[in-house]
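Look at the two complexes coming up: subunit A is in both, with subunit B in one and subunit C in the other.
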Partner chain A sequence: MGIVACTRCTKAWPFGTQICGRCGHKMVSRDFGSLQRVWAFWVMGLMCYVPANLYPMLQTKTLFQKDESTIISGAVELAQHGAFGIAFIILLASVVIPLAKFWAIAFLAISVKSSKMASNHARHFMYEIVEYIGRWSMIDIFVVAILSSLVQLKTLATINPGPASMFFALSVIFTMLSAQAFDSRMIWDDQARDGDSV
Partner chain B sequence: MGTPFKMTDTPPDVSIKSARKIFLSGASIVWIIPLLALLVALGVAWNSYNARGPEIYVEFEKGAGIKAGETELRYRDVTVGRVEAVGFSRGLGKVVATIRVDKDVAPYIDNSAAFWIVQPEVSAKGITGLSTVLSGVYIEGSWNDEIGTFENRFSGADSAPLIRAGQNGLQIAFRTVGNGQLTDDAPILYRGIEVGRLGKAEIAPLGNFAIVEALIYEEHRNLINTSTRFWESSGFSVSIGPSGAEIDFQSIATLIGGGVTFDTFVSGGGRVQDGTVFEIFSSKEEARSAVFNSSAVDPLELSVIFDENVSGLAVGAAVELSGLNIGQVEALSGIVDYDQFGDSRVRLNVTLSIQPARLGLPGEVSAESALEFLQDRVANGLRARLASASLLTGGLKVELVTVEGAPTARLVAAPDGLPVMPTTKNETSDAAATVEGVFTRINNLPIEELLNSAIALMNSAQSFIGSDELQQTPKDVRTLINEVTGLVASDSVQNIPVTLNATLSRVEALVATLEQEQMARRLMDAVDAVSGAADAFTSSTEGVPELITEMQAVAAKAGEIELQQLVDELTALTRSADAVIGTPDAIALPGSLKNALDELNYTLQELREGGAVENVNQTLASARNAADNIAVSAKDLPQIVDRLSSLFNQASRTIQGYDQGEQISRTAQETLRDIQKAADALASLARTIERNPNSLLLGR
Partner chain C sequence: MKDALDHETSMPLSDIIVCPKCDAVYHLKIPKMGEKAICQQCHTVLIAPRHKAGLKIIAISFATFILIIGAAFFPFLDIDAAGNKNSVSVMDAALAFSSGPLLMLALATAGLILIVPLIRVVITLYVLVPIVLDLPPSRYAIQAFRLSEALRPWSMAEIFALGCAVALVKIADLATVGFGPAFWMFGGLVVLVVAQDNYICRWSVWNSLENPKKS
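What follows is the complex of A and B.
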């Protein structure tokens, strides 16, 4: 016997309630498809992340040359010009954070099965961070969008988003979906299995 | 369990079922998304792989700005591929560009394909590849429009080939022997319009000429036929002529970069096939003169070793056979060969380049046939010798002459060199002798004598012309005519008939008397007197009838014949005299003399200006002719004088018949004297003319 909270409107209902009486959402105590969705979106995110790093993110055409830079080469170029701060931010936002997200989601999804890896609190904190910080990865896309809309001087200088920008955006979106698909309640399920009361 | 739910109660424990470990049976529908993505990715990958063409590898001497991933391969200025990698061939000998070509174009890239790098180029002929300044170089490919066996290794060029595959036009080649100034890509101009282009000039394998490919554009193909001759129009020519100085050049481009132009001087040339080789001449004149001397075959090269090392032979000197130019001296060098000649003297080794076509051999014209011909001729005594080409410059030429009784020799090809032509004694010494002889003969000319004679001639002529006799001649003649006229018109002569009439009347009266008196004797005397002198007319009065008839006959004779004859003869005399004066000869006499002097003067002048012996001979001939003319003119004078003399004698005889006629006799005698004087003057004129020209003109 227990109660189950609606995941949409958070109203608690007695266990076994199929549909939330307030918002009409389908009520499940544990989303058994959650991990599958996590993994599916995770794979999609990872698939998109590969071309996002291989293809050029930004196509800069000036009068004399055409420059295409991927995310990493752009950051390296900025660093070579002395803009270490910006290069660090770009690297952080576009490489470190997504990679960390992939790792974190994968870790969370795996740790649901075997809880010995980290404490439940730590895992939950990790989940919170992933959820919160995931959206900031889009900063790269914003930069590209703003630059390419601002710098359109015909033949003199033109900046266009490269194919990588779309893949990167998709990658971010899918990792966010993946993170959202994770049912954080499962973090605590093994605690119950171990006999700890909630 | 079963207890109703209360908010205040502690939530009951919930039996937690662990999530089932289902992977496929309970697979979420969300997996479709990555699967779809995977399918799409695979599809795109497969499509991309399927659509991409093969790789080709093009080797270049230099990279010239090729960048992997950027440099494009273009065909007709359309991108059909991209350089994927730039590397080196084994041993770093060449740059190898790996080019991914489009799949639809790839089948056409067969062994006809050519590749070159297009980069900006600034030359006298203009700027090309300007677009590559900004965009960077690209690789241009060219291949024909037929699908062939695919190849993937090519050798690229640094610059565009002259003839691109699939391009139409007449492909010919030029050969140039001299020091031409052919530059690559020079235009072929015709009437100032570019109708073709030269390719890259190359040296022939044997090194004896340069050969360059050329393309005549398709639309100008008909301008070329087999009798077309090409010459260089590069640089500029300066000519100074009667119309002033002229500087001529075709265009700035040809001035700097050179060019070739052509013309067809004679009609009847045949169609030109691709691959025909033309010769490039250095000037239009040379090209024109070479129209009839086709030299489309390789020249025959011969070596000649002259014992005497004579200066004056230069590269380019003519090689003549029977006076016909059949080639030229190609090279000169010294040769020392103790083994062959027995001493260490330096000999003159001349390389001749003979144009087989100029020999006019029947059948195939080739260097081999020319060599055979010359070998045959050498066996019959054909030898090479040096001869003077010009007396003024002292230049030499090589003559091939047939020497009778020459020691046997053969024209054989040395194992490691050119066939050696046997030689004979040079003609150069003869030439020197000729020149010397000419000068000696000029020197030996009796110029001073001639001048002295001329001066004497002129003096004589002057004195002759200025002589009183000559000056008197017309006067005398005029006087003669006047006097003759006067004689004819004189009362005495006019009165002759009257007198005769009177005489006859008297004679008639006398006859009447004589008839009566029968005084034949006296009548005879009287008739004699009448016949001899005028006294008889007056003294004798008696007459006899027999005598009357005689007298009548005499009178008739005297009246009808003699007097008439006298008058006629006098008239003839006058006419003759007139004719003498009026004869073109006499009138032309001073003119002839003047002409003679002019001719002499001209001759002398010519001689002074360095004329040849012929001129002197001509002068002498002219002088002789002049003398002859004068002699001819003068020759007539004695005849005239003779005629005058005979005339006068006749007249004298006639008039003597009337000796007794005092008036007639007197007048006639005066006339005769005058006439005699005139005749004398004419005779002396004739003598003078006859004597002087010979002595003066001939100087002896």
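What follows is the complex of A and C.
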């Protein structure tokens, strides 16, 4: 076609244009560095996710005891108290969704190279879900922030954030960056290739 | 490249619109008010003009601005356990991490909940008010709108609101928890942020920034 389009404002320009004349966004027809950035952020996110699960997320001091709970032990504790619903939400938001996200981004990045694994529509749908859901993992950090500022009742009970909260936040941020670095146009490229050859 | 467009680049580039998500190319045809132009390949909404959207967005932005400021400083939850009382504002919650190495986290939290949404609202007003009033665009309006678009995924006020609910349930058996005024402000804020995102048609904004009406 000989044109290149701005991914920020959808304006088309002649091929080889570097910077969008309408909004000033940097333009590349296909961002071949994209996959490298996806993987770099992906690895960073995974590295942060490990300590996020090993270190305590919350330190609870009540009258007689001091508790330190990680993400999983906190959920297990809630389940033992009978709050299965909340335990389920927490496990879903901070264990299942992050892991699914790591898997999904890796799958998308690999499938760009060998395209016969799933239909383009399925992959694009997956990409949109990953992009949409990524931000919601931050909810855990906000819960910790709310709890630790609210529950400061001197001797009776105090809750303080543990080191895992920082790693978890970093992990969420890195996976969001990883998903943003993925150039979704690559999903559709192999279709164009097939179309040309037929 | 799959084309809704057959004749090779014979038409001027300003008559072409390209889906930013999947690179499908279309012949630009501006839909009527209330209709939507949707990418046939990946179903991304390309253009969606609404009747008097500009005025509505400005109204919503003003409301959001006031609510953010209010929600930041009024207490939004208070707790009462055996005579020990404590109430916190969103500001306190954001700065809960402010001791020692977690300071970065405090800044990030405050940024995501309050500062990023605030910046986006201010930019929206700055960009849209001249457009709606048929004045020439503000200086740096284009750069500002681009920044606002880049910040979109990082504006997390609605996630914080859900976080409140989870936190409430978690400590409900430990103490009596009550809602402060800011809690309801935050509830309203969430609705407004979603409404604003629905009304704004990015393509129309870019278009009017590029071709300002002469006045």
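To be clear about the criterion, the second predicted complex is superposed on the first by the 194 of 198 C-alpha atoms of A that agree within 3 Å, B and C clash if a C-alpha of one lies under 4 Å from a C-alpha of the other, contacts with A are read in each partner's own complex, and residues count from 1 in each chain.
Basically, contacts are C-beta pairs under 8 Å (C-beta built on N, C-alpha and C of every residue); 3 or more make two chains touch, one makes a residue touch a chain.
Keep in mind that this is a model prediction, so the values were computed, not measured.
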First, second, both or neither for A:R37, with subunit B first and subunit C second: first
Partner chain(s) touched by A:A5 [first = subunit B, second = subunit C, both, neither]: second
Subunit B versus subunit C as contact partner of A:I146, first or second or both or neither: second
First (subunit B), second (subunit C), both or neither touched by A:M47: first
First (subunit B), second (subunit C), both or neither touched by A:K26: neither
Touched subunit A residues, subunit B compared with subunit C: C
Touching partner for A:M166 - first (subunit B), second (subunit C), both, neither: second
Which of subunit B and subunit C A:L63 touches, first, second, both or neither: first
Doubly contacted residues of subunit A, that is, touched by subunit B and again by subunit C: 1-3, 14, 189, 192
Residues of subunit A defined as touching subunit B within the complex: 1-3, 14-15, 29-30, 32-37, 40-41, 43-44, 47-48, 63-64, 181, 186, 189, 192-193
Sites on subunit A touched by subunit C in the complex: 1-3, 5-14, 22-25, 78, 81, 83, 86, 89-90, 121, 124, 131, 134-136, 138-154, 156-157, 161, 163, 165-166, 169, 173, 176, 180, 184-185, 187-189, 191-192, 195
Of subunit C, residues touching subunit A in the complex: 1-3, 8-9, 13, 16-25, 41-42, 46, 77, 79, 81-82, 84, 86, 88, 92-97, 101-102, 104-105, 108-109, 112-113, 142-143, 145-146, 149, 153-154, 156, 159-160, 162-164, 166-167, 169-171, 173-175, 177, 202-203, 206, 209-210
Subunit B residues within the subunit A interface of the complex: 1, 3, 5, 11-14, 16-20, 26-28, 30-31, 33-34, 37-38, 41, 134
